[in-house]
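Order of writing sets the labels: A, B, C and D. Residues in every chain begin at 1.
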Amino acid sequence: MIPTATLLFYCDDKPGILASITDYINTHNGNIIHLDQHVDSEEKLFYIRIEWEIDQFDIPRDKIENQLKELFFQNKYAQVFDLHFSDTKPRMAIFVSKMSHCLYDILARYEAGEWPVEIPLIISNHEDMGHVAKKFNIPYYQIPITKDTKAEQEAKEQALLEQYNIDFIVLARYMQVLSEDFVDKYPNKIINIHHSFLPAFMGAKPYHAAHKRGVKIIGATSHYVTSDLDAGPIIEQDVTRITHRNSINELVAKGRDLEKIVLARALERHIKHKILVYNNRTVVFG
Amino acid sequence: MIPTATLLFYCDDKPGILASITDYINTHNGNIIHLDQHVDSEEKLFYIRIEWEIDQFDIPRDKIENQLKELFFQNKYAQVFDLHFSDTKPRMAIFVSKMSHCLYDILARYEAGEWPVEIPLIISNHEDMGHVAKKFNIPYYQIPITKDTKAEQEAKEQALLEQYNIDFIVLARYMQVLSEDFVDKYPNKIINIHHSFLPAFMGAKPYHAAHKRGVKIIGATSHYVTSDLDAGPIIEQDVTRITHRNSINELVAKGRDLEKIVLARALERHIKHKILVYNNRTVVFG
Amino acid sequence: MIPTATLLFYCDDKPGILASITDYINTHNGNIIHLDQHVDSEEKLFYIRIEWEIDQFDIPRDKIENQLKELFFQNKYAQVFDLHFSDTKPRMAIFVSKMSHCLYDILARYEAGEWPVEIPLIISNHEDMGHVAKKFNIPYYQIPITKDTKAEQEAKEQALLEQYNIDFIVLARYMQVLSEDFVDKYPNKIINIHHSFLPAFMGAKPYHAAHKRGVKIIGATSHYVTSDLDAGPIIEQDVTRITHRNSINELVAKGRDLEKIVLARALERHIKHKILVYNNRTVVFG
Amino acid sequence: MIPTATLLFYCDDKPGILASITDYINTHNGNIIHLDQHVDSEEKLFYIRIEWEIDQFDIPRDKIENQLKELFFQNKYAQVFDLHFSDTKPRMAIFVSKMSHCLYDILARYEAGEWPVEIPLIISNHEDMGHVAKKFNIPYYQIPITKDTKAEQEAKEQALLEQYNIDFIVLARYMQVLSEDFVDKYPNKIINIHHSFLPAFMGAKPYHAAHKRGVKIIGATSHYVTSDLDAGPIIEQDVTRITHRNSINELVAKGRDLEKIVLARALERHIKHKILVYNNRTVVFG
């Protein structure tokens, strides 16, 4: 595998950006293997994800970011700027409560090498999933949370995240609302799975609400966590049909399959640096 | 085609209902060709749709309803009771405003004989769709509505509905909210298509709202109209995927295809007497 | 949980079957909690699944089958006849080769108690999945197969299936074709997952074939194994969209998610006795 | 609306193509409003669709093609090359037999102005759809075909296509197989809708075949017609769920909805110049 660099950014749409970035990479012997760009003509914004092989690239790795910033920042183009190298795996922490379906799904993919990611630790407010962590030899920290202990316990969690050099967090059916302080420290770095088709049925017990409303389709939504509950940028959604024959328990069971697949798709896109967030929405590149 | 009777009802779930109804039909030489029943074990309710051939049935047609009521009503079983004969086609009025996609879809099916229904008239608050009605030789009444004229104009509409012996109404993207009085006169007899995945994005401009929220899937919902806007019993829903590349206009275009198909499925089920409404939800039989 | 009996059968459609069976259960104090029946009017066949509580049933459990047979067999009605009690869990053997995605999915559901099933053993032609079996404390038998050893190795497998009282087998991406002899011993008792939308792309390397043909949707199919390769009765299918951007490896990855979900849905229906097989097709009750 | 040029081509993947094409447009004051490119790393091919505003473009319209060819052809890059201007509407002929559902769907969209297309004529081997053509004031030519008259009748059809300056043809459930000669004259210019999920159930009566095989999902496929029946490049597919309850007639009815929607999506992409054909597959740009 030839190592690659992946650059994502967005900026005001002006003529010549695309020519300029492709020319820069080309001139320095980078071989572009993936480019996906999009112009939002309503917002007048240009979005791009570009990936190129860097084995022949004549700019040293540690100089690329600064050079790109000089070229594209500085009142010129980009407002957000994200550069990754394919041989550096992001490090993901899993937060989980008592349900195992998303956890097993993630760990089975991890063990099979499906994703270029490291999972150095699992944090839970309960002991229930400890045996799963043990099966996969991943450190498991039980950090119970009550209203009174929330601040100090979240501090412990953050200390662990630093200790393990965590890049981003997945809430794999973690049944605690993170404090605003916590969330603000990890902008676009905390991925949640909500068990409804957002914005329908925000908050607690969405399957009960869906059953009561009599919907014919239920869904699941993976999104970045913001301080506004269940209102962060949506990464991925999917749905499944139900009928009047389905009890709430059956909705919950059907929902589990949705949840784990939708969460996995969102994680893969984040891990592979395919997502740009703008204005509480996501651009998910192909 | 042998004529059939179709009976729908629901009642408190007690032992013996099913045996009792099937025995009744059997004893009187009715040949059951379709039976779908469901017990909601949370609500303790029994729902049934049963269809039988009546050419050999030894109870005269006009006696069946009373006899069934004696057997199943009277503090005994059924709370709601619906009996139809296959050789009596329901009569549907179409209400439409300026958009043609649902209207053409309905009329093309009608002309092709897809549904056992009569469409004696089309009512609109605008003149725009008059040429479509003319193409299909269906009387078209333009009844403009303003805040001030609403009561009298709705009275005209209701007079037409009576004059034409209308059984039920489809709002085929009719951009007027019917008054509570109007709605109350047609309980579970007015079918609307809402251009979102309800309960998400109720009210006006749902595609704009969906675009703003950044959802990855949009939907359409067909439901019975109640006095509570966009909150009536859902009959059918469907969804389609969108991406960040899709402008609002593209959502609207994709939505049109959803709307007409979802509405058509709901209409077919209503026309074929496959729907029971209970507690603001629908049981849709197979 | 009140124990229930579940009866499935099909027979020539004659008047009175439904009244007869419901009356029988009713008379003997069985409380019917689920009934789904279907008449195939082209084939003139009647299919039924009926489940009733047996705590008050006045026929002893071991007499029910014979009595039902007397009532419904004997040149009278049923041709196939299937009776189960809810407190007897079916026993499932897993056959697996080198891929873990279906295996983990099944075992995670098993551990979580999602299905009323026992999994007493796992059989594989390779050693690779031994560590997964170990994680879940399930005996793992490695039985390598070559052309020359097939007969004797399958004999070993069948001995194990007898030893462990296995009721049915799941081929969870087991990359060996079972011999006709083997298959014939387990009619409608071996469930396979094929990684295409059957009947498209039967046989080996379906994702390669799908990529070559340029389809826009790929699928997975779970079916009962017959001696005719990939041609047995289909239980469940599902699909997912692909684009020209997807490489074969990406099809394989997307396919894994389809495979495990489609297989799980098929297994659940089999475990819950919701499937009747007739004429190489399945009736899957709601 | 500012007029645009749209260029599609593919070529061997070499460094610098993208920089070169974007630089060319940029230098001549073209404003790129859409670019979608793709590298097939297995085939080592580069595909692109690029659209730019030409109101300020300093190359005259009738020179663009030659100039682009000089730059990108000539043993240099492109093997296929397609240039369109947004103010030139393609002209589509509809071929139809006796079924109206696709025809009405296309004409309703046409009348509503959904697509930038002209429909100058409808050709049919039967008289049945003449009244529909009349409703929309489109010339309708009935050209019956028998084995013996096929050659001469196809000659008449081709004469009409020339007379009306037709760019491409849609077979809207046209129940005749075009001769190889005919097909060869319109490479990637004849769009068919096949009523199955290809490559499953090629040829006649696919719904019957699907019913017999007992599939749980049926589909429809729109593709370019080649001399190899139902084997041309696939543009779009979609599916819908069925159950054992559905008769063949119900499959046919559900299929109609699939057919018209799938065909419409394919037509839109063709009309908007979003499709490149390579190696019997399509690249469908976003």
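Everything that follows uses one rule, which is that a residue touches a chain if its C-beta (ideal position, glycine included) is under 8 Å from a C-beta of that chain, and two chains touch if they have at least 3 such contacts.
In this text, all values refer to a predicted model and were calculated from it rather than measured experimentally.
Student: More C-beta contacts across B-C or across A-B?
Tutor: A-B
Student: Determine whether chain A and chain D, two copies of the same sequence, contact each other through the same residue numbers or different ones, counting it as same when over half of the numbers at the interface appear on both sides.
Tutor: Same residues, largely: of all residue numbers at this interface, over half are found in both copies.
Student: Could you tell me which chain lies farthest from chain B when each chain's centre is the average position of its Cα atoms?
Tutor: A
Student: Roughly how many whole angstrom separate the Cα centroids of chain B and chain C?
Tutor: Roughly 37 Å, centre to centre.
Student: Any idea how many Å lie between the Cα centroids of chain A and chain B?
Tutor: Chain A and chain B have C-alpha centres separated by 42 Å.
Student: By residue number and range, which residues of chain A touch two or more other chains?
Tutor: Chain A, residues with two or more chain partners: 41, 243, 245, 286.
Student: Under the touch definition given earlier, write down the residues of chain C that touch chain D in their complex.
Tutor: That would be residues 38, 40-42, 47, 197-201, 213-217, 219, 233-239, 243-245, 247-248, 280-284 of chain C.
Student: How about chain A: which of its residues touch chain C in the complex?
Tutor: 99-101, 104-105, 108-109, 111-112, 114, 135, 243, 245, 253, 257, 261, 264, 286
Student: Given the complex with chain A, which residues does chain D contribute to the contact?
Tutor: Against chain A, chain D makes touches at 15-16, 18-19, 22-23, 26, 31-37, 39, 41, 241, 286.
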